[in-house]
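Multiple structures are listed underneath, in structure tokens.
Two complexes come next, and they have one chain in common, chain A, joined by chain B in the first and chain C in the second.
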Partner chain A sequence: MEMGKILEVTNLRKEYTDFILKDISFSLPRGFIMGFIGPNGAGKSTTIKLIMNLVRKDSGEIKVFGLDNATHDREIKQNIGFVYDENHYYEELTPDEIRSIIAPFYSRWDDEAYYGFLRYFELPQKKKLKKFSKGMKTKFSLAVALSHGAELVIMDEPTSGLDPVFRREILDILLELIQDERKSVLFSTHITSDLDRVADYITFINKGEIVFSTQRDDILENYGLVRGNKELLEGTTRPFFVGIRETSFGFEALTRDIQKVRNLLKERAVVEKATLEEIMLYTVKGVVK
Partner chain B sequence: MDIVISNSSPDPLYEQIAKQLKNSILKGELTPGDLLPSIRTLAKELQISVITTKRAYEELEKEGFIESVTGKGSYVAGQSSAIIKEKRLKIVEDKLAEAVSQSKALGIELEELREMLTLLYEEGV
Partner chain C sequence: MISLLKKDLLIQKKSFLFLFLYGIFMFIVFNNPVFEDMIYIMGMIIAVYFFLVTASMEDDKNKSEIILNSLPLSKSQIVLAKYLSVFAYILIGAVLLGVVGLLFQLAAFSLTPRLINAVDLLAAGMLVSICVSVYFPLYFRFGASALRLFSVVFFLIFFFMPRYLLDLYRTYEGTEAVRLLNKFFIEQSPFVPAAAVIFIILMLMTGSFLISRYIYLRKEF
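Up next, the complex of A and B:
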């Protein structure tokens, strides 16, 4: 077991009739935040369900805290805070009632943290969850996830349906969480939003395969967006482009090697840093006419 | 100590941070022995990734501007005035090199550049 890794996924495979997760591998070191990005249907939720041991894998290995996630299910779950994109708590109950049901399951349940988060998120203790808005439900999930001393927080599409103000609040909460250098966060999203700012690592999945899983800064330093005259799109330049969008006015293309393209095209094209959203878009779409 | 981050700058984030801290040290706003915020605190304050701030500190450490003590944090390194002068000289050299390369791109001759420099110097910019 490698002490440095809080999560290790190796050659993980899962086949459905209409989708295959193709032997994916990636890992998350302790003390860092990883964004798990990709379009809808890319395999993000399948991967997270496999990590959470909610569905059975076909082959491969998943280690959480250095332990096999299926054989050590119970002890691992004690230590994971999980936030789904949908509310999975009983809608007829209030936060107070839910607390009394779930607290006994966790050996390190922390009432002070729980009620602290409820107050911080301005969530009523005695109101039924079905009266909560979508954003409030997500906040509630987060409050629970952060109230039992979890070392790994996994969030599946936490930002969908959340307003920008709360998305920013989540940033602060996540950054506060990893201050002790022991905890890690994995969050999946199809909208590469402001959350990406704090991600140390980005794992990009597309069509059941990992496109890359690496430090965010490396990606943002190497990928670039190129705009220019269509005449520049010829034999020597094309191989440098991952995705190309041609219009009647010119082209826009994504490159993985911004430095090389800058040297090659010099002032003949506009070369800028690419955002994660652009990287995702062009990688998924490829060549668009 | 202020650190301002620009998302539109072509410079990577870590470089922007390293540069600004370096300037604070060179200008004497930060002095030898001053404790810098931890990489995680800085990441939190700036709302950016830990790896980015870590890399900025590593860069500064490599160049001898700061020293990191395991378990204690990072400090502004004690420097002799000679080192600091040398570093400032290096900055001047870099800027001149940049001016030269820009001039070459514009087809400005050495003589013309020299005249510009003399003029600027005497004007006391």
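Up next, the complex of A and C:
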């Protein structure tokens, strides 16, 4: 394993009757936050379940902390904090009771941290989870995830269904977490604005395939949105465009190489940097007439 | 492992009260000589059914197995904990029903059930282990919700089984085969049949555990 990679996914494949994860590869260095984006059904949850060893891969390799995730399952999970998009904790139990069940499984469980987070998130210790709001449940999951010294925090759509204030709070906690250079976060989302604030790396998955997995700044520097007259859409320019939207007035297209397109079209088109949302939209939609 | 058992009990605190009330109800309804010998055995089967199914339904409800399988816990431990929980449920049932029986005696009602004894425990243990040895592999394959109706019918069969077996015994009581069987057991020290029952329970549960573990290791969440 290359030093400093906390998570390494290589040629990972999983086939379902209606969906295939097609030999995907990406890796996350230690000390960084990776946003895992893609539309619903792109394969984000499947990938996360594979990493968590909740489903079995058909082929490929998943290494966490340099260890195979299936053969070193328990060892790895000592060091992973997880937050899922829905609450899977027992609704009949209180945070106090859940602590009493879960804490013994972790060798480095930290009561001080746990109760600290409960206080910080203003979560009642003795109230049943079924009385919690969706946001409170997510915060509760996060409190558990961050209370046993986990070096890798994996989150599947933690911000979905939360209001902006909650989302901001959770993202702030993540930023604070990676102040510790040994720690990393992988979180999936379809809300691209989450990534603008916190993600160092972005892995974009679509239809079971990785579109890109690289540093956020690289993406924002290289992708561009081009607007112009329809005559500009011809044999020499088309290969530069990932997704094209044609209107009666002209076209709008996404390019992966903003510099080349600028040089090619010069003043004939308007070329601007693309936002993550535009990148996702155009890549997913392809050519729209 | 203890934590998992604790979890199964914590998520159903109400079951304790339910079983206590059920015990009172049962002693009143089945207060006749026909059921007298079997009442504790039947009660313990109900106790196991109730605790087991309630715990499994709670696991199903929020797909909490996703949490269990995300913790540093092996699948074997999760399966084993379920099997061990059955013994805990038998003991809890024995204590709760034993207390109810005792209360009836102390209160000097017209209805005075006998007290619970070791034979009750062994017989309940035997029947329950046959029952769950079949139930668990199905549970780990299909989940509690899918088996809801099946489990009611299946446990009811075992609930009435002691009564049926006793009838069977009485019908054939005069025959040579039963006489020889009785003679065999009477000649032995009481520990021999007890040890035989415990041995059978352990064998059944171990076999069933291995099948369940095989199924669960291949399960996806």
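Operating definition for what follows: the second predicted complex is superposed on the first by the 285 of 289 C-alpha atoms of A that agree within 3 Å, B and C clash if a C-alpha of one lies under 4 Å from a C-alpha of the other, contacts with A are read in each partner's own complex, and residues count from 1 in each chain.
Rule of thumb we're sticking to: a residue touches a chain if its C-beta (ideal position, glycine included) is under 8 Å from a C-beta of that chain, and two chains touch if they have at least 3 such contacts.
Keep in mind the model is a prediction, meaning the values are calculated, not measured.
Chemist: A:L93 contacts which: chain B (first), chain C (second), both, neither?
Modeler: In the superposed model, A:L93 contacts chain C only, not chain B.
Chemist: Looking at A:K49, would you say it contacts chain B, chain C, both, or neither? Reply first, second, both or neither.
Modeler: It touches chain C, and chain B stays clear.
Chemist: Look at A:Q215 in the shared chain and tell me whether it touches chain B only, chain C only, both, or neither; answer first, second, both or neither.
Modeler: first
Chemist: Should A:S27 be classified as contacting the first partner (chain B), the second (chain C), both, or neither?
Modeler: Neither partner.
Chemist: By residue count, is chain A touched more by chain B or by chain C?
Modeler: Per-residue touch count on chain A favours C.
Chemist: Return first, second, both or neither, reflecting whether A:Y84 touches chain B, chain C, both chains, or no partner chain.
Modeler: A:Y84: touches chain C, not chain B.
Chemist: Quick check on the superposed pair: does A:N206 touch chain B, chain C, both, or neither? Answer first, second, both or neither.
Modeler: Neither partner.
Chemist: Determine where on chain A the residues touched by chain B overlap those touched by chain C, and list them.
Modeler: Shared contact residues on chain A (touching chain B in one complex, chain C in the other): none at all.
Chemist: In the complex formed with chain A, which residues of chain B make contact?
Modeler: Residues 10, 12-14, 40-41, 43-44, 47-52, 55.
Chemist: Considering the complex alone, what residue numbers of chain A touch chain B?
Modeler: Listed in rising order, the residues of chain A that touch chain B are 31-33, 168, 171-172, 175-176, 178-179, 181, 197-201, 215-217, 220-221, 272-273.
Chemist: If you look only at chain A, which of its residues touch chain C in the complex?
Modeler: 49, 52-56, 73-75, 77-78, 80, 82, 84, 86-93, 97, 100-102, 104-106
Chemist: Residues of chain C touching chain A in their complex?
Modeler: Listed in rising order, the residues are 2-4, 6-7, 10-12, 58, 61-64, 66-67, 69-74, 218, 220-221.
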